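Reading through the structure tokens given below for one structure.
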Amino acid sequence: MNEKNILEKVMAEFPGVAFELIEENTDHPYLVIPAERTAGICRFLRDDPDLRLDALSNLSSVDEGEILTVVYHLFSYEHRHYSVLKVRVPRGAPDVPTVQTVWPGAGWFEREAYDLMGINFMGHNDLRRIMLPDDWVGHPLRKDWVEQEEYHGMGTSRNEPMDVLPLADAPEKEKQSD
Amino acid sequence: MERLADYIVYNLPFLQQIPRVIVDLIIMLFFATCMLLFWVALFAGITSWVERRVAGRIQSRIGPNRVGPQGFLQWIADGLKCFLKEDFVPAAADKKLFLLAPYIVFAGMFAVFVVVPFGDGLIISNLNIGIFYVLAISSLVVVGILMSGWSSNNKWSLLGGMRSAAQIVSYEIPVSLAILPVILLTGSLGMQDIIRAQGPYPWQWFAFHNPFTFIAFFIFFIGALAEGNRTPFDIPEAESELVAGYNTEYSGMRFVFFFFAEWANLYIIAALTVTLFLGGWNTPAHLYTNLFGLLHRSVDVAGTFVFILKSLFLVFVIIWIRWTLPRLRVDQMMDVCWKYFVPFSFANIVGTIIWMVLADAAPVLGYVRYILFVVGLMVPLAIAMKITRNFRLAKSEIHLNPFI
Amino acid sequence: MTEFITEEMTLNMGPQHPSTHGVLRFQLTSDGEVIHSVKPDVGYLHRSIEKIAEKVTYHGFMPYTDRVDYVAAMNSNFAWALTVEKLGGYQVPERAEYLRVIAAELNRISSHLIMLGVMAMDIGAVTPFPYFLRERETINDLLEELCGARLTYNYIRIGGVSSDLPDGFRDRALRFLDHFEPIIDEFNRLITYNEIFVNRLANIVIIPREQAIAWALVGPNLRASGVKWDLRKDEPYSIYPQVEFDIPVGKGEVGTVGDCFDRFIVRVDEMRESSKIIRQCLDKMPEGEIQSKLPRQLKPPKGEVYVRSESARGEMGYYLVSNGGLNPERVKIRTGSFSAMAIMEEVSKGIMIADMVALISSLDVIAPEIDR
Amino acid sequence: MYKPMSLVPSGEPGATVITTRVDDVLNWGRANSLWYMLFGLACCAIEMMQTGGPRADLDRFGAVPRPTPRQSDLMLVAGTLTYKMAIRTKLLYEQMTEPKFVIAMGSCATCGGLFSPGYSVLKGVDKIIPVDVYLPGCPPRPEALTEALIHVQRQIKRSRPLRQKHEDTKIIT
């Protein structure tokens, strides 16, 4: 069963849902699904005997300007096939249902996406920052993120060494003044 | 000691005005200090250097070789540095206990040296309860370790202290029970008596006396390793688990006390094993001193030499074990103690008693010791063969010269 | 008799702790020696590599991939090169493919050497670790001859490799392998089948097949749980289809399939297989170019790819989105250690502190791969 | 420039000689027993381990790893320091007992190095703790680390611990 067949099977299984199948500019054709149906579709992908996508290979998040995209790369160790899903959410309200209940391994991937991209996974049991300290401001992988001047009193920039070091003839002058 | 005090008082008349008890005390303290400084510290320090060099060689490294000839003064440099280091007490620690703990460990370990028989006459005090004294005084170490673990107010220290206490208290039992067959055979607790009861030749050692002492020898040696927190029982200070165990929060000189106690203990394990099971300072020459009374002193020196050599060889074995074996888990260590060692040691005692009765009836049994000696000889031979095979299979290069 | 009441204790393990390789932190709740729960805390080495990727060029990101997994940097290079080549459709000369595989497999051996040595050290046997460092030094020398660096190589380039084999490399590599293969046996005699070692690892923290898949474990950890899955074999890339090798899987040799010992022994066997691959590659290597002609400023077409390859710690996947410009739009790196760390919380209930140490090192997590 | 200062008034040279000698002996002890903290941050940690390993063998210089900061004299900041870790590193440094020395190993610890463009990386460990020796390289070779250790030893041998007033010790800013 190739990747397109899988996605078509999903589309047939959920008739009333607004899917979007995209094959251009990508190595794996993918299906854009509405955010609110994520958990159900994922559960179907995992449990259907023909699909059995039992592993979440990767979960990424992409900042595409007005929308944030969550990408699920799924893999089946039984049938050895891939499938890619995407969920697009508006930047203002990036709420996606968690798939932690489907693949327990998704928990940390979602925490990472929350931490760095600011996507809010609804229903996640432990949605905390994972990489950055708890008091960090903002989500740095967003394109519009601006770095703070300092963090806990530690400056976030370093001067050019040539600006800091005295010029080569400066000590000479000091000696003369002594 | 008494004679020495008499001699000093006799030669220095002004001492006669001071009460004799005080003079004795001062002289005792003076000699104890000398003993600590020049003898025990020397042993602990040199053992530490030996350990690092041997470990280096085992790991195909070199080990310390910059300070003094072949890095021999490394232990002095370490001691000096630790002496200069800040003596730190954590703010939340139980200060009194924290400060006291290293001394207790130190005292417990070093007091054992009082009864270590280095030679025929070379023993600080030939107590008539010698071995019992060792068991009693070395228990102080548990108290010290537990105090240090508790008072540091650090959870890793606490875990280390608890593990150590559980371990030492448990292994005290098989170790003591393994000593009992020897005491039964000797009929005395004194260290020199135990050594004199063994003959000069290897097959007359207690380790080969009968099958039960043969087993007791191994139980004692392994149990003593556990009591000394040596691998494979080094779980109280397991570096990868408990940071540094009970001495995590110690720095400077106080840490050195733990440090020195550890290596002094290493030597004590070896010395006790040699005393109890491997013939002590006995040499074949001791048989003939009575014939030609002239050689008396030189034979004594030879005996001391043999004793130190034997114990240093055991120290080497312990270091070898330390850098080869992995570490047991806490529950496994307890299993070994309570399920195997304790029952076996009890059986040993009963067995030894029966053996003694039987041996009186049937002197033929005396020849068993020759068989056991051959069996005992097989152990190092088997190890040597294994090593040779390993060299052959791994096509290793051999560098015999230890001086780099 | 009144009930003996105990209280839970919270222990903080790391970020500076001898057995947390690199900077990991665990918050343990334990009742004495028995752990009730573990909360891993990562991010102490989060170096914002994914953000930097958006600021640098495709070629310029290569040195950063070294630092994604510094223990097996070559494999990480390899993965990035494969990703960009797939996105842009760039060709790689055949000789370069062989060179890549040789370098990557040498690096896989040296990575496993670190892992096995550290694991032995965590169990308490210190000596195997220096032995393995000694062997690793030889591999470092070989790789240094090849590319001039000991640890972070930057050797594999997009569309080829940076330099050809130096003179006499083949002989030296073969001499090393001749020396190294008996060393693996020696290692087995020294530590692997040591009674204490086996008892410490057998039946400890068993991860069954289903759990391993559901938690997205990859690579040796997955294979130890009995899943015969290796990207080099099952989704072959580069010249792996042309070489013969086996995939070691956990067999439950001394305990149950998926215990710590299986995770250990799988890596020991993988070193043998890697050695086999290197020998074949050295024999089969053709003459020719080592770098295809590519523009200095790479502009792959607009699009996205997700490419997985087998690193030393399991599959390393790069999800690359390109907007057709000089810099990538988004790079997401999926690494083996990340999911291995995630499972830790689940499987470590009720084990002892000493087992916890064995678990951490058996899963072979390293901090930069988790945090990136 | 070090000026010999006499303990005894009116410049008797003998006293100076004696204190200098004591200083030298103490320095000899301190320099030859630099226990470093077992504390690896990133890539450089692997090279640090290899330096302790068979070929370079830091143990020759009496330098052995200690797992706890209390007993260590030398902190090898081996690798990239993130803000999250920087707070802990500072704490670890404060937990070390005097006298203590710091080697900033690798470009990242020296100035942020390759990761300066990153948002979460501290640009140089000298922003939080004082550094005695900077060691460039990404990562530095074991030989370089050995050289850095020898540099620390030289610094120690130049110091005068008996004359050092308490206020002179390094103060963290």
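Chains: A, B, C and D, in written order; residue numbering restarts at 1 for each.
Heads up, the rule we're going with is that a contact is a pair of C-beta atoms (placed from the backbone, for glycine too) under 8 Å apart; a residue touches a chain by one contact, two chains touch by 3 or more.
Predicted model, so just to flag it, every value in this text is computed and none were measured.
Student: Measuring between Cα centroids, what's the chain most distant from subunit A?
Tutor: Chain centre farthest from subunit A's centre: B.
Student: Go through A-D and B-C and name the pair with more C-beta contacts between its chains.
Tutor: B-C
Student: Provide the C-alpha centroid distance between subunit A and subunit D, rounded to the nearest whole angstrom.
Tutor: So the centroids are 41 Å from each other.
Student: In whole angstrom, how far does the Cα centroid of subunit B sit from the Cα centroid of subunit C?
Tutor: 44
Student: Quick check: how many Å separate the C-alpha centres of subunit C and subunit D?
Tutor: 32
Student: Starting from the mean Cα coordinates of subunit B and subunit D, work out the distance between those two points in Å.
Tutor: About 37 Å, centre to centre.
Student: When you check subunit B against every other chain, which residues touch at least two of them?
Tutor: 59-61, 239, 243
Student: Mark out which residues of subunit C touch at least two other chains, giving numbers and ranges.
Tutor: Residues 17-18, 43, 46, 48, 51, 130-131, 134 of subunit C touch two or more partner chains.
Student: Give me the residues of subunit D that touch two or more other chains.
Tutor: 53-54, 67, 84, 119-120
Student: Can you give me every chain pair that touches, using the contact definition above?
Tutor: Pairwise, the chains that meet the contact rule are A-C, A-D, B-C, B-D, C-D.
Student: Please give the residue numbers of subunit B that touch subunit C in the complex, ascending.
Tutor: Residues of subunit B touching subunit C: 55, 58-61, 155-156, 159, 162-163, 231-232, 234-235, 238-243, 323-332, 390, 393-396.
Student: Could you please specify the touching residues of subunit D with respect to subunit B in the complex?
Tutor: By the definition above, subunit D touches subunit B via 25-26, 28-30, 32-33, 53-54, 57, 59-62, 64, 66-68, 70-71, 73, 97-99, 161.
Student: Using the touch rule from the top, collect the residues of subunit C that touch subunit D in their complex.
Tutor: My answer: residues 15-18, 21-23, 43-49, 51-52, 55-56, 63-64, 66-67, 70-71, 114, 129-131, 133-134, 136-137, 140, 150-152, 367-368.
Student: How about subunit A: which of its residues touch subunit C in the complex?
Tutor: 25-28, 54-58, 60-63, 71, 73, 77, 80, 84, 103-109, 112, 116, 129-133, 140-141
Student: Using the touch definition from the top, list the residues of subunit D that touch subunit C in their complex.
Tutor: Residues of subunit D touching subunit C: 37-43, 45-47, 49-50, 53-55, 67, 69, 79-80, 82, 84-85, 88, 92, 114-115, 117-121, 138-139, 141.
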